[in-house]
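Below, chain A partners chain B and then partners chain C, in two separate complexes.
Moving on, here comes the complex of A and B:
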């Protein structure tokens, strides 16, 4: 079998595009875990939620573009995430076994949402139109503007988040709670509000991930699980709680996925990811840049 | 603890006298007994040993498939195939446990659940098919268990019911002994303060690995038992709804409230069967049920019984 330059460039483009979205999604997962030690099993369902919300808004045929869709979807996802945390996760925090209870309740929420989607939208997949039409042609190399748009939007999302975390009061409060929840509370930071806020932000990240990737891979009721697994592997590989680590890991995993899918076929991607996960945990349990083992 | 256990198993044992003619009810009772083992094992590993293992359904399915393959491909009598399957599952459990036990909390859940997620594509892959998993079609003609000339098939459910009853009771007693033994104390100590327990010479790694091996053996064994009872297997067992159903058993029974998981299994399996006519709404309701139960029933039904006693004491 011969592989030309063209295929390799395709693989790289696909790896970069997917990697950027995975980075955004892994960021949301690691943010919540890093700040509040809560692991959200419904994260994949929040991804699908974003896709379905965009599909609904675009299907209204009132001339909404992606800009308007994002403007409407983001506040919705924020409120949804905030309410989920306050209603489902916060009441459990008082108990000593809250960590496992949070995993259980979010797993229940995932089942509820996934099957809710199947009941409301039907089991068939939905597709979204590309965010940008057309493509950039240079010789034999074709670069779809859609891929460029997805890549830039995810990168923009991450940079915006990083800026907020460093330069705003709420961002600093989030960092303080992540470092020492009790200490943060003593100096007057409303810890519970920060927990809920980070959960809400992570919901937005998952939802935007859904809106962006659904253009390439469709939306289906249980489609979020695949992405959740990838976001997990990235967080474990990059190190839970480390934002920079997830960023590097996301691009490595995005590339790995594209290469494995191209050379061996899609069915091998999951096995390859599992291999990466086991190898990471065996050699370096804290991940590339994790803070604890 | 032992009183509740004896009461539950005693009550269940005499039920066939009343409902022995109703096949559907007998089937539900057998399922309750099978799932009570799976749920109790999960409780032992999660509630007592404090390991966040999310691979319980995966171990069950590994046991079921191995036993079916042993019986079909190698012609091993189902009764022995079942125990061999338990052994295979125990080995896999230890292999999964070895890397996991160096990790903490959410990481263990992550890796064990990854085993669960990867099992379905594996069983459907060419590799799985070469082992005899039947790919996406599954395994359809699993022979029933024959012992002392009696065939324990779904044709006559009463003997099968008592067979399941003995299996479930034996597993419950093993788990009960483990909890009451030095192991149980070690786990309690490790859960309360791992550092302190380790400094006193309790080997966290050794006991956790042993509990991983034991629970996967029992889960694999009962998985094989299940396979020879229903006679067919498919990867649908790995669906999220079954996983969550098992979780409901534990939430209803209370995590770390041992005989609770048995009660939870009886409640949940019966409820699940009753919700059958609801079709696509059933998993939605199951999901909602988890959310509600986790919030409102923190220690399960056993917690409801125990609380007044504690107040008095």
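Moving on, here comes the complex of A and C:
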């Protein structure tokens, strides 16, 4: 197969663009797991939820652009996530084996949502218009503004998230619960509220991931599973609960995916990702930067 | 200020606290002694809402707090200072202290309390930007107490503050407790039998096998043979 600079640049662009969205989403998953030790099986369905909400709003043809979509989708996703946690996840925490039960109930939620999408929106894939039209042309290199937009928005999302975590009272409270739940209880941080808020924030991140990537890769009722698997692979690869690990892992996975897709085709991507994950875990069970326990 | 009446507590099957009743007067220092594993920590944790209790009542300023959440209790002015410190390891001293003032009742007083705490613990002021995980045992213990003070609590439940500390640091901790009390805070301290803290006490309790076996002033303890053995021989 012939490839030259152009193809390499294409691969890099694709890897960076996807990697940045994956990073945003992995951050959300790591956050929830790191703070409340709950694994959200519905994370992929939340990704699709973002995509479908955007599709709905843009399809109304009342002049709403992506800016408005994000402004409307974010509060919606926040409330949806908060409510899901309070109603479905929180009550399970009192019980034994709650981690497994949370996985099961979020799995149930995922199936409910995915079937809901199929019923409401139909089984055919939907696509979203690109966030920015046009490309930047430099010689033979074409850089779509869409990719730049997606990349910048993801990075912005991550920076905003980091800022929230360090500069707001609730962000500090989230860090506190993650670092020492007993200490957080001692200083009077309401654990239940923090768990729900964290879940809500991660829902937003998944949904925004959907809004960003749906432009390139379509939304479908079952499309979230692919994303969930990738997000999980990234989190495990980077180390459960390690933010920096997740970020590195996300870009590595994004690049790997682009390279494998180019050389072997899309159907090889998941195989390759799992291969790398298994190899890594065999040598280093805590992932790149994870801490045991 | 605080009355515990007929309290029971269990860890699974194990009956830790048996019909325990104590009272702590406002502005007093109460010291709770007793062998390890006999329920002293559990009693403090029940008071602070960190561990569930059964039967009985815990009255604080006339209100029964035994069924309240730990957050509500912190907001009412009671703070627990753990034997394990339970600090936030990847945060600085300053961040730990600020989180100590998380409770709604503590927030308006955050700045004033921070100044108070830095006056009381000049070493913490020096090391404000240092990560909590890098602190020595003594410094961490001071930080835990300081963070507890940030909650603006009027009632402090301190669990074995001298544990693992060298004698000179122990004295420092006890001197801090005395200063806190002089400033008007009510304190209940779980401790080992160390003269410098028992001398400070307005009242001493002895908790053995989950039940109170002595209540009174230190002088009274010394005239009781069994207790004398405990106090002098432990």
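Here is the rule we use: the second predicted complex is superposed on the first by the 292 of 293 C-alpha atoms of A that agree within 3 Å, B and C clash if a C-alpha of one lies under 4 Å from a C-alpha of the other, contacts with A are read in each partner's own complex, and residues count from 1 in each chain.
Here is the rule we use: a residue touches a chain if its C-beta (ideal position, glycine included) is under 8 Å from a C-beta of that chain, and two chains touch if they have at least 3 such contacts.
A quick note: this is a predicted structure, and the numbers were derived from the prediction, not measured.
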item: Partner chain in contact with A:83 - chain B first, chain C second, else both or neither; value: neither
item: Touching partner for A:9 - first (chain B), second (chain C), both, neither; value: neither
item: Which of chain B and chain C A:278 touches, first, second, both or neither; value: first
item: If touched residues of chain A are counted for chain B and for chain C, the larger one; value: B
item: Which superposed partner A:56 touches (first chain B, second chain C, both, neither); value: neither
item: Partner chain(s) touched by A:142 [first = chain B, second = chain C, both, neither]; value: neither
item: Which of chain B and chain C A:288 touches, first, second, both or neither; value: neither
item: Chain A positions touched by chain B in one structure and by chain C in the second; value: none
item: Complex contact set, residues of chain C against chain A; value: 48, 50, 69-71, 74-75, 79-82, 84, 86-91, 95, 98-100, 102-103, 106, 147-148, 150-151
item: Touch list for chain A against partner chain C, complex; value: 169, 172-173, 175-176, 179-180, 182-183, 185-190
item: In the complex, chain A residues that touch chain B; value: 33, 37, 39, 88, 91-92, 95, 97, 99-101, 103-105, 107-116, 118-119, 222, 225, 229, 232-233, 236, 240, 267, 270-271, 274, 277-278, 281-282, 285, 292-293
item: Parts of chain B lying in touch with chain A, wherever the complex brings them together; value: 46, 52, 54, 99, 102-107, 109-111, 114, 117-118, 121-122, 125, 240-241, 243-244, 247, 251, 255-256, 280-281, 283-284, 286-291, 294-295, 298
